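In structure tokens below, several structures.
Same chain, two partners: chain A is paired with chain B first, then with chain C.
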Partner chain A sequence: MNKYVWCALILLGLLAPFVVYPIFMMKLLCFALFASAFNLLLGYTGLLSFGHAAFFGGASYVTGYLVKNSGLTPELGVLGGTLFAALLGYIVGSLAIRRQGIYFAMVTLALAQIVYFVALKAPFTGGEDGLQGIPRGDLFGLINLGHVYHVGGSPLGLNLYYFVFVMFCLGFWVIHRTIHSPFGQVLKAIRENEPRAVSLGYKVDRFKLIAFVISASLAGMAGSLKSLVFQLASLTDVSWHTSGEVVLMTLLGGVGTVLGPLAGAFTVVTLQSELSSVGSWITVIIGSIFVICVLLFRRGFIGELGRLLKRSL
Partner chain B sequence: MDISFQMVMSQVMLGLNNGVFYAILSLGLAVIFGLLNIVNFAHGALYMLGAYVALLGFTSLGPLLGMPDFHLNYWAALIVSPLVVGAFGIVVERTMLRRLYKFDHLYGLLLTFGLALIIQGVFTNFFNVSGDPYEAKPEILNGVVNLGFMMFPKYRLWVIVVSLLVCFGTWYVIERTKLGSYLRAGTENPELVKAFGVNVPLMITLTYGYGVALAAFAGVLAAPIYSVSPVMGSEMIITVFAVVVIGGMGSIMGSIVTGLLLGMVEGFTKVVYAPASSTVIFLIMVIVLLVKPAGLFGKES
Partner chain C sequence: MTDHILETKNLSKEFKGFTAVSAVNLQIQRGHIHALIGPNGAGKTTVFNLLTKFLIPTAGSIHFNGTDITSEKSADIAMRGIVRSFQISAVFPNLTPLENVRLALQRKLGISYHFWKSDSILNQLDERAMELLDAVGLAEFAGEVTAELAYGRKRALEIATTLALDPELMLLDEPTQGMGVEDVDKITALVKKVSANRTILMVEHNLKVVATLADRITVLQRGAILAEGAYAEVSQDPQVLEAYMGSAHE
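After this line comes the complex of A and B, so read on.
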């Protein structure tokens, strides 16, 4: 994609909080990063993880605990959450890559369930309540992330928004660089034809594991940011519903496209906030979108658009 | 803590009771996976659906038909519920799954995941998440039996016996009869079997129908033991996935045996260290992945 598109997107991101409710925008950015990290695995390595909520939710608990109970500054909290997700990703990844295809999905789902049980039972996670009232704190001990500006009469938490936006851009840049590096080319080779990649001499398992750890870390970063935005780390974040949601976002936007996960996250997050009045019917709607998407447009929005424009987006 | 023989045995027997559910469900997954190459994520939801068909048949069918005295009894539910859910499965296979065979297997998983969400979502809207009791347990299955070493609820014993019969019956049909040989041949090479004049698409449809009917059957058996709730399936399916990873889906007998054993191990863990009992199957999965990545009965390279 050319640089004008990127500049336009960044400008859009910078101006968005003045137009859209900032909390909504931040939720969107967190889930967009989460879906993009997931897409690195599904779209570019061909691995379907059904347990990514473990990294997203696990990191959000760790960040919440570090900031709330250990009194760390938010950037250290996010760093801690991300490192935790990386470590967890290393463990889950090493186990899961021992099986292929459909089994890989089941193994990741089952391992994520262990993390769910820990979050439910461990003494430091708050059980059913989760961690509530996580403080936003002072970035580097200097900038108050909880500060609210009054622009034209409406309160805007711009400090937090721009912190989340910068972290999002950082994460997205890492994914972009990974995809377009020689390393990323090997990942695509594995996706297209694993036996051939093996016979070319690539240590496929090591590549898969590194991709898994990168994906898990960034999913964790998204979860860490989410816990600062909502001041909450809850069981929903580690449940299989969240793992399914991120699959849907990626699928809906377009697996293996750079912009797809952003479009998918935008659609799903918007649907959730617009349809919050229908209560648990939202599960039925999400399920129906899954079915329709799998049956009718497996390439997703951006994938289909890219096919029409005859270029990769 | 003094661990008596009786205490261990009673928990292991209760574990076996869970184990037969794992066995029936993982057997159904294995049968479906063998022929359709699809991991049926909706299996848990259909197990739940089976329990609800029994529950609603007992409580609401009569009034709905204008016959307030009519209740679908337990024995009828054991037949009707698998038929209803099996028919539902056949419709799903004909209208949706069929379109996906030529694509990556992952799409089958995703589609059935979507179906599971729809089914669970609908029931969550109409029913209590904490569950409703199914009160149609027949008189004859009330009470306990003396097993010599312990007293055991009659109903649970019935569940274990009938489940084992169904499991080994299925194994017998698939491994020892002519119909089963068609199925196994279809698993190996559908094109060749088609060339011999066997109606493979029909076989696939019926296989899916049978697999999900098994799930519904397990759901009816479970209804009097656990309360019938919209989330009973999703809790079950993740455990059953771990069972399937441990056993491997390549072998029918493998999935039955693994299901039974893991149920008993889970029961045993309840005696030794209760908090670990909800995760022990997942931990065993981790150990199996480390020691024998292909699974205990797996043929995967």
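After this line comes the complex of A and C, so read on.
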């Protein structure tokens, strides 16, 4: 894609906290990374995982525990959470890729429910309360992520924001590179016609597993960052609602497009926050919007835009 | 002694009591175009699936160049040099023909797991890919979306992709199925052209194509070999006439 588009997006990201409430912006980034990681599987490998909350939430618990109870610095906490998600992704992936289609989705859902149960019952996760009051700590032991600047009278947690932003860019870059690599090319072949990919001599299971692990790790990274932003790791993060939400975000924005999951995550998170005053009706509203979108533009916002511009976005 | 590139011994496949393929002893001579024919449901495609391990044989063994490959996996078989095509056209529809062929060429570079590298590294394959596309008459469509190509062109692309692997043994599952007359002639000529220096085993319904191309023919019926030989012999065999050709030559 066009270099200018990327530069503009990065500039927007850098300036955003001066315009938008930083915590909200960071939440957007976390979910955008989560959805992008998910899209690597659904959009580029053709695998529908219905258990990605296990990686997102699991990593947020691990990061929370490492930072709060073991006193690690935040970057090590995020690293630990990401590695945990990678390992969990390896286990779940190894089991799930033995099945295809709906059965694949069911295996991932079932295993994610086990993670949910562990998060509910294990002694170190805080049960119903989750892990609360996770400290943001000092980045590399030097930069206080909790520091608040006062710009024009409004308090801004810029240190944390830019940390999250850099990590988001890093994660997004990994996904983008994976998609546009020789490896990504084989993933697309598997998505398009798996038996043919096999007959060309590709061991598709190995490709699927690596893609699964990359996707799980980055979903984990998003969860780790989220736990630092909200200073909270909770059962919501590992529940199947979250797994469903990320499917929704990806489909709304445009599955199999690079920018689609970003647009989808921004839309869903913004709606949730704008409509929070209407209470439980929010699910009805978001559900209706989803139905309308699927009926009117099946390819998602970015997918349809890409079709109009005749280029892949 | 004749040189057999592929040999099966008592190859059998049962599906829950139904015997789809029973004790097939197939011998494919190196350099031949060998055709596998037979009425619908005779087990031709099942044999293909067994040979390429998309199905696991119930009994019997498969030998490629003298090596027993019965217990190997599909991808390993492909790496050995046995590459198949499919009954319905097997292309990657949302990629371009160029990308389709490059995917086959890419494997040999040994970088297919390198997710950290830019795909611009694959541009080095473009020249060879274009040669292959040119060989099947698709050079001018290299940048289109494959899904939008005509059916005959998709089949040609499939052959180009298979050729890209430079297989020792090519398995073609009904290469002319569902084609108009002109396309059939084109594909027949193409198969003839690519058969130089390699062995081809093909399943084919169109007897004209078989008569033109095949050095040797095996007739399958109800999963077992009914007759084998050159077209002239086989087409005179009374059993074959009754089982298959009789109805086809009405």
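Just so it is clear, the second predicted complex is superposed on the first by the 307 of 313 C-alpha atoms of A that agree within 3 Å, B and C clash if a C-alpha of one lies under 4 Å from a C-alpha of the other, contacts with A are read in each partner's own complex, and residues count from 1 in each chain.
In the analysis below, a residue touches a chain if its C-beta (ideal position, glycine included) is under 8 Å from a C-beta of that chain, and two chains touch if they have at least 3 such contacts.
Small disclaimer: the values here were computed from a predicted structure and weren't measured.
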Problem set entry | Fit or clash - chain C, chain B, common chain A | fit
Exercise. First (chain B), second (chain C), both or neither: which does A:Trp240 touch?
Worked result: first
Problem set entry | First, second, both or neither for A:Thr82, with chain B first and chain C second | neither
For this session: Name the contact category of A:Ser224: first (chain B only), second (chain C only), both, or neither.
Result: neither
Exercise. Is A:Val186 touching the first partner chain B, the second partner chain C, both, or neither of them?
Worked result: second
Exercise. With the two structures laid over each other on chain A, which partner does A:Val198 touch: chain B (first), chain C (second), both, or neither?
Worked result: second
Exercise. Who does A:Ser215 touch here: chain B (first), chain C (second), both, or neither?
Worked result: neither
Exercise. Does the superposition put A:Thr63 against chain B (first), chain C (second), both, or neither?
Worked result: neither
Exercise. Across all Cα pairs of chain B and chain C, what is the smallest distance in the superposition, given in whole Å?
Worked result: 8
Problem set entry | Contact residues of chain A, present in both the chain B and the chain C interface | none
Seminar exercise, completed: As the complex stands, chain B meets chain A at residues 33, 39, 96, 99-100, 103, 105-107, 109-111, 113-122, 124-125, 234, 238, 241-242, 244-245, 275, 278-279, 282-283, 285-286, 289-290, 293-294, 300
Exercise. Across the complex, what residues on chain A touch chain B?
Worked result: 48, 95, 98-103, 105-107, 109-111, 113-114, 117, 121, 240, 244, 247, 251, 279-291, 293-295, 298
Seminar exercise, completed: Listed in rising order, chain C residues that touch chain A in their complex are 52, 54, 73-75, 78-79, 83-86, 90-95, 99, 102-104, 106-107, 109, 111-119, 121-122, 161, 165
Seminar exercise, completed: Listed in rising order, the residues of chain A that touch chain C in the complex are 177-178, 180-186, 188-189, 192-193, 195-204, 206-207, 210, 214
